[in-house]
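Shared between the two complexes below is subunit A, which has subunit B as its partner in the first and subunit C in the second.
Presenting the complex of A and B:
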């Protein structure tokens, strides 16, 4: 049985989801893929816990009871711990910082330098340094996968890479932020203000305490950058995106749009020519983009020979996002493609 | 540069689309994947034309001018020609027969017997003998891919195989027949009868001369069988599906549904427990399935940890379907996964 040993940095919602997923499905993955996914180390902001084969349920318990895995591990930095721990794949799940990409960027570069593969759900490093990361990875002969960075459980990058080989994707546009879409949907349905809809979203755990990254469009812009680099081959960073948020959208604007047959949606858009835009747009009600409700995400790919291809899925959620991370881990673990997977059940 | 040599059987709409795609994009595939896709033989119902490296444009010209490639090739059977021609992948594109699976089934089994990989857009063989084909392929150590058999350009099988490794798909349902959906959409919009909508579809080249396979639900049933086998691991054939078509749907029924907030759609559905159904269903207008218009297809996958994932794309069209065939060919040609594809552009 092949083994893949993970070094997981970041034990917030997604990291927790990943531990739950592993606790539940490790045996399924063994059976289905012949791959044993082991946790060699976990790290949060306070320290690192390394071990031969950490029990994911135990990691969750410690984290919940003690607040940090440093309680049983060591007060140390993942950067130095990576040098000592025996692992195959860095799983980078620290919070996104779109100014510096840190601390994720350093973690990712360190892992690559050590010849380790990387799976990340952190948008920061890719939004500020996509090309550098990919060049370093190519040189080191390691794989960097990042399915969870755009659209949570909605398959996007691997969809294009693995299933649309024969076509060229010329453009893409989508609804890529569940919080904003939830807020716009609520304003539409209830006639409430942005502030009220946001307060509701916060109460329901959909919006973060400080939702400015979402509302101002920067979260969507990160996703546009990663999509444009990865799918369209446009070399760009977050600085290249023309970003307008939904701060000024009023219930009145939504009502007027509604009367004229439109809905207002925050759209992220990119073309092969390098046009990168995030903006609230009037979307005709007949367009599938107008029909995405609540926290769902939707991406439309414009292709040369296959027409439009749409994909939709949950844009967030700990377990949903963790499932995308785990799919990346399994793809790397298999080494070669799913061609090997013969038994679906 | 790696080479992959194709034996293409069937030169109807999809076969023609494949030749056009190859004529246009062979150099792109060389550049992008380092794979040279060569045509070693083409066959239609009258005969086989084999050669070292047939020119796809020339194949199209001969087919159009002479009606058959036997005009320049030989009046012989693909089955015997396969023994003599040097090729790597059989591309099976003959018409679907859901009673016997022939002639596709014999072509597929022969190729497997000869140790060749198979890519097919023909639903027949898989609808009647999915398990036998896959067992034979596993024994022979060859790959059988069939992305184009359900949903044309809509990625489905490879989507699940390559991008949803970490999750279990528990159920699936979708709109899988563009002709029927076009007809229902027209009846809805124009209040016309089934016969009139069908006549219009025929005039526009959307429906075949004899659309009974579509209208009676059998085409959708084939797709349900292949999806259930491949994605849910349910061993089944076309005989296991409970099939009701749209023959009795009237404009009045559609209008009454409309008034009550529903649309009528022909839905194909399968669960991991082996429930396999094709039936016209009342779909609430709020459901994405109700919003699929015209010839688009949509599939909703119900998963254990990633929520619902939806994918939508053109269900038919020569070039669209050929693009799915070609993606399968390229996946096989690469041997290993798209992990190798570093440059999207």
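Presenting the complex of A and C:
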């Protein structure tokens, strides 16, 4: 049986989701793919717990009861721990920082330097340094996968890479932030203000305590950057995106749009020519994008020979996002025979 | 009823003329004359028709939505049209000036405005319908609206189709 050993950095919602997924489905993956996914180390902001084959349920229990895995592991930094732990794939799940990409960027670069593959759900490193990461990975002969960074469980990157081999994608546009779409949908259905819709989203655990990244459009912009680099081959960073959020949308504007046959949606859009924009738009009611409600995401790919292709799915949620992370891990494990050979001596 | 003329390019395939004319009967308009010229796999259709102004607008809009059909020119009253939603202190920043400046774009005019002011303290919202004669005028309309918005600190929300066509 082939083994793939994970070093998981970040035990927040997605990290926790990944542990739950592994606890539930490790045996299924063994049977289905002949791959045994082992956890060799987990890290949170306080420390690292390494072991030969950590039990994901036990990791969850420690994290919940003690607040940190440092309680059973060591108070150390993942950067130094990575040098000592035997692992195949770094799973980077720390929070997104769109200014510096840190701490994720350092974790990713360190893993690449050590000859390890990387799977990440963290948008920060890719939004600020996509080209650098991919160049380093190519040079080191390792794979970097990031399906979870745009659209959570909605398959996008792997769909284009694996399934749409014969086409060129010329443009992409969509609804890429579930929190914002939930807020707009509630404003439209209930006629409430942005503040009230946001408060409701917060109460329901949909919006974060500080939702400014979502509301101001930066989260969508990160996704646009990663999509544009990966799918359109447009080399860009977050600084290249023209970003307008939904801060100023009023219930009256939504009503006026409605009367004229539109719904207001926050659209992220990129073209092969390098036009990169995040903006609220009047979307005709006949357009599927206008029918996306609540926290769902939808992406429309404009292709050269296959017309438009639409994908939709859950853009967030611990298990949903973890499922995309795990698909990347399995793809790496499946696609590579003799993982060990790629490790430096 | 008023009389209008329109020139469209359609693929040179059977059934195309019917596709273009069907929406005219749907809006209650009448054909006065049609000329049909085929060249290079494309057919140019010149139509003179009669309709009420509102019906003519709806007809042109429907034709523009047909796949593979391009409206080349329009004479008479009907125009291309687009919607724009603005949010901000629209009245305090001189709504008449906003309208005049959009009207100063050659071939463009504001046909309709809905204004919603929930409370004098709060930002108001307005929907504008802008009609324009030539397809290319759209870019000038968008540029003008964005300049005004920048100057008066208004938020602009454009139709997705306009964003696709003009960039942002």
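The working rule: the second predicted complex is superposed on the first by the 335 of 345 C-alpha atoms of A that agree within 3 Å, B and C clash if a C-alpha of one lies under 4 Å from a C-alpha of the other, contacts with A are read in each partner's own complex, and residues count from 1 in each chain.
In the analysis below, a residue touches a chain if its C-beta (ideal position, glycine included) is under 8 Å from a C-beta of that chain, and two chains touch if they have at least 3 such contacts.
Values in this document were obtained by computation on a predicted structure and should not be read as measured data.
In the superposed pair of complexes, A:146 makes contact with neither subunit B nor subunit C.
By the touch criterion defined above, A:218 reaches neither subunit B nor subunit C. After overlaying the two complexes on the shared chain, residue contacts for A:130 are found with neither subunit B nor subunit C.
In the superposed model, A:260 lies in contact with subunit C only, and not with subunit B.
When the two structures are aligned on the shared chain, A:87 is found in touch with neither subunit B nor subunit C.
In the superposition on chain A, contact is made by A:289 with subunit C only, not with subunit B.
In the superposition on chain A, A:252 makes contact with subunit C only, while subunit B stays out of contact range.
Looking at the superposed arrangement, the partner reaching more residues of subunit A, out of subunit B and subunit C, is B. Legend: residue contacts after superposition of the two complexes on their common chain; A:279 is shown touching subunit C, with no touch to subunit B. Only residues 83, 85, 87-88, 114, 116, 118, 122-127, 129, 155, 157-161, 163-164, 167-168 of subunit C touch subunit A when the two sit together in their complex.
Partner subunit A is touched in their complex by these residues of subunit B: 21, 24-25, 28-29, 33, 134, 138, 143, 147, 153-155, 158-168, 230-234, 272, 288, 291, 303, 305-314, 317, 319-320, 322-327, 329-332, 334-339, 341-345.
Subunit A meets subunit C in the complex at residues 173, 242, 244, 248-253, 255-257, 259-260, 262, 264, 267, 269, 275, 277, 279-284, 287, 289.
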